[in-house]
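Common to both upcoming complexes is chain A, partnered first by chain B, then by chain C.
Let's look at the complex of A and B:
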């Protein structure tokens, strides 16, 4: 393979990690409630804008991050309360429409509060490329990779090692049984939406210095994250990373060789193909129907 | 009956006449434009309502089908010089074909996958329309001229009438479809996809058909759209339009042709409503007062949760505040749509038409149509000859879930014309065995022969079509449907009319026969007085009987009853015995899982006992009762055989698994 192709694939794969992180946000809520936030991209975008405002207010980078993450958590909780809980109580799929609605409201709010233009997102992390085996990678891109992997590891550890995390796993495994054991499913679902919001906010903070911030970043990100989540399956955290890396590099190759207008296409085609071939995803488990 | 027909058809006819007459009375090209758009959106929303309303799925692709249909019409006219009707046919076919293609993968799973697939499809078609510049001219836009219709060039007025004509056709066809067995099947699969398959109706194929039809209407609307505007640009058919369409369907009222029409009116008026500040203030305030009133009342009567009452108030309140403070409403379009949609979805989920029709039906009570005279049971269930030959042969059947051997090498033969009992303690594998035979599970190993030939495995639907029907231990009724409809829909595979004929309204005879037969079956289970009661409102025992009637309606050779007596009161058990005997008399072979020993003793010719996934005994009920292995399986080692005189009930301990 020639150098240019590898270079394209590596930078694409690093972007793919961000898709994986957004997709991981879907998995967190899907595990507890079998619902996902269709407005997750808007959460990423709003958190990024909020963090940008914090930066512009003069907050240093290391204080801006917790501020942005907190915003993400609060927004995630809001989505759960306003858009998801009622539908889950009614055992309907109304949450799909509701989270789309909330997302739409988010876009509109962002357009009017922060404007329709893309804005640069300052970062103290250097952007001069470094050379590894003739592949140039910026420290910024490395920071994205580290951030994505770190947050996923922390959340997975939290789920496995802490009591609260075990409650999370219990509700994911069997909601009714968990409730009988005195675990509040509603609170656990809130927790999962909060975590999902946190993950979205981090994705926004990590990706914005590379892509800039704008109201349109939401739909672009979310479509790819959907592809990653469906292709990998809505259960496997490990799977989204693999598929994210793959889709990211595929997309960057498509964009270079076919045309940047087509860059969305491979993810969309993959999503539909995955549903045709393996609807539960590559890393998903088949469900047993019970009567 | 006549009164009802005249009333409903009369209102519809008046509406069409009125709509058709407006351009003759008002000579205003703006109004004419709105009316044309109304007809086009009407078709589009009726198509969308099939999936959103009847199937209950969030469909995000209708805007894309509008776009594809529009471009298909535009391109066939500009490139091949097609006439009006042939171009419209192409748009419709494109919608149908693309709809089918997208439906196959996306409808395999329940859950968010369908919404995701349709969303991806929309994004993909937007990309293609934008980027395939050699064909669509991309963002530059496609200019076209309205082609001739039978050699006549239509002016704006003529084209409007054509659109209205199409709306009328679509309306009638959809009315025929939705009031037929198809419409019933759509509603049934929403309530219980598993039962829809198990009755041989077919969940998947109905979902695919419904979505494809809706998409075809999207394509047709797209064709008309292209000839209306004579200029196409890809960015029109985007996400935002999709949300507006959903707003139309939901606010208008789901599962209703009138609802779609009202929704279309709303969508057409929306841009004008937003551009006029005073009008917008008026409508948002009215909406706010409405949520205050309705929400307050619901809270007072304790009908709604707090959230359902208060959230729409907040949303509409924000809208009112916005309508008075925001400088340019156009900037906030998306937020306005979002707030409106939010209030409707939460506060008025039945939509305007649902609300209105509930209100109207309280004022005017229209007499329901009388039923067709019921058929004789002997004609419905033609007595099948039975000869005691092996009907169902299960050989070395195995089903493992991971390390659990739920069924571990079961062999048994069910003879034609018998009532075959299947008993065993909890976890012995009875239900798994039944699920294997009926096609819910795929066996790990082993064969099932039916009529001496291998039975299809792993498809409830295919097994049902071969003549094996079942009931469910945990009831799987179509709970929103009436008792009669529950039975009727199950005859869909039996009295089938091809879809095109149904659309043309030529399925009425089959309908009447299905109705007559179903009434006979309802009478057999003692529910003829409850034909119009929704299944969910029936008492528990009646629900069990209804499930049996529904399974019998499919005219099976073999019926599998999964714990039919579970939870029944004593008088109901007696009724149940009568029903099962009646079915059996007509030559239907019965397999029955049961815990009530009195039911087993009273009915079964032969009983097979399972334990730990294996057959431990087989014989006539009296033998089985005394079999030490059976007693051990139920009561544990070292138990004395129960006294023969005391009613030996093996039922006390096992609670249905």
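Let's look at the complex of A and C:
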């Protein structure tokens, strides 16, 4: 492989990590409730706008981050309460439509509050490229990679090593039996939506300095996160990282060699292929059939 | 310790329980027997909060618990080992047991250390679970899963245990083992409501028994009496 190809793959892979993080947000709620927030992309966008506002209000970077993350958690909890809880209690799939609608609502809210234009997202992290073995990477890009990997490692440790994390899996395996152990399924599901909102917000904060912030960033991100989640499945955190890296590099190569207009193609092709090979989808039957 | 008064409950439009009453005194083993579809499982699910009764009262240690969430009732000291075991298949044996004590243990760190004593007791009762502590519980045999379901219920140090058909689908030797365990638990002073298909075995171990038919208690008494009751003999202890 020549060096230009490697360079393209590395920059693409970094974007792929962001797709993986958004897809990971799907996994978190799917794990406890077999439901996902179809407005996850809008949640990323809203959190990014909110964080931008905090920055514009003069909050330093290290205070803006917890503020933005808190917004994500609250928004995730709101989605659960407003769009998901009732449907799950009635064992219906109404959450699909509800989370889509909440997402659309989020887009119009963003357009009204912040406008339709894409805006730059300032960051104190340097953007001058550094050279590693002739590959140039910016510290900003490195911060994205570190952020994504760190949050996923922390959440995976929580799920595997703490009793509450094991309770997540118990609720997913058998909700009624978990209740008999004194585990409140409702609270566990709430918590998973809160965590899912947190990773969405982090994705927004990490990616915005690179891509800019705008109401359209939601749909672009969520489509790729979907491709990643459908291909990798909704169970394995490791899987979304691998598929995310792959899709990111593929995108970057496509847009360079085929044309930047084709940038979205690999994600779509991957999604179609995955669904064609496994028509029921790795999402489980109900979801794919209804969407 | 557990009192059920004039309970009515069912699924949607269909009433299953129609005025069930029973009581389990502290430190006793009470059997609930009856034909398929009588409403034994429904009784247990209503007691543990899975079904909201339309009428009647459930007292756990004197406190009314009807209408509470199952997780709240569990926190008040009720453990229910449900019909069909319902172990957490993807989790290991030990994780299942730890989750049994969820209400008593710290939720983040240090739960293993705090549960060590209880785990030892369970493993002493069920040595086979100790051998398989790291195994995924979904891959256990039916008998082992039943042991795990019982162990998981005991981990909560409950005031009252509900045990629904522990012998279901098990080979006779394993059923013997399960009843040996129940006898040992009885010796250690457990308060237990036991639902069983095998009426004969249930009456052998129980201090008191209820016979349920079509959502009501048809006959009740100490096992020695029921074993002589002709109606009970004809229906449940035949041949």
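Here is the rule we use: the second predicted complex is superposed on the first by the 277 of 291 C-alpha atoms of A that agree within 3 Å, B and C clash if a C-alpha of one lies under 4 Å from a C-alpha of the other, contacts with A are read in each partner's own complex, and residues count from 1 in each chain.
The criterion applied here is as follows: a residue touches a chain if its C-beta (ideal position, glycine included) is under 8 Å from a C-beta of that chain, and two chains touch if they have at least 3 such contacts.
Treat the numbers as computed from the prediction; the structure is a model and nothing was measured.
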Chain B versus chain C as contact partner of A:38, first or second or both or neither: first
Partner chain in contact with A:259 - chain B first, chain C second, else both or neither: first
Chain A: partner with more touched residues, chain B or chain C: B
Chain B versus chain C as contact partner of A:56, first or second or both or neither: neither
First, second, both or neither for A:136, with chain B first and chain C second: neither
Touching partner for A:101 - first (chain B), second (chain C), both, neither: first
Chain B versus chain C as contact partner of A:182, first or second or both or neither: second
Chain B versus chain C as contact partner of A:174, first or second or both or neither: second
Residues of chain A at both interfaces, chain B in one complex, chain C in the other: none
Touching residues (chain side chain A, partner chain C) in the complex: 162-164, 166-167, 169-170, 172-174, 176-185
Of all residues in chain C, those that touch chain A in their complex: 48-50, 69-71, 74-75, 79-80, 82, 86-91, 95, 98-100, 102-103, 105-109, 111, 152, 156
Interfacial residue positions of chain A with respect to chain B in the complex: 34-36, 38, 82, 85-86, 89, 92-94, 96-98, 100-102, 104-105, 107-109, 111-112, 219, 223, 226-227, 230, 259, 261-262, 264-265, 267-269, 271-273, 275-276, 279-280, 288-289, 291
Residue ranges of chain B touching chain A (in the complex, touch as defined): 56-58, 60, 102, 104-106, 108-109, 111-113, 115-117, 119-121, 123-124, 127, 130-131, 194, 239, 243, 246, 250, 305, 307-308, 311, 331-339, 341-342, 345-346, 349, 401, 435, 440-441, 472-474, 476
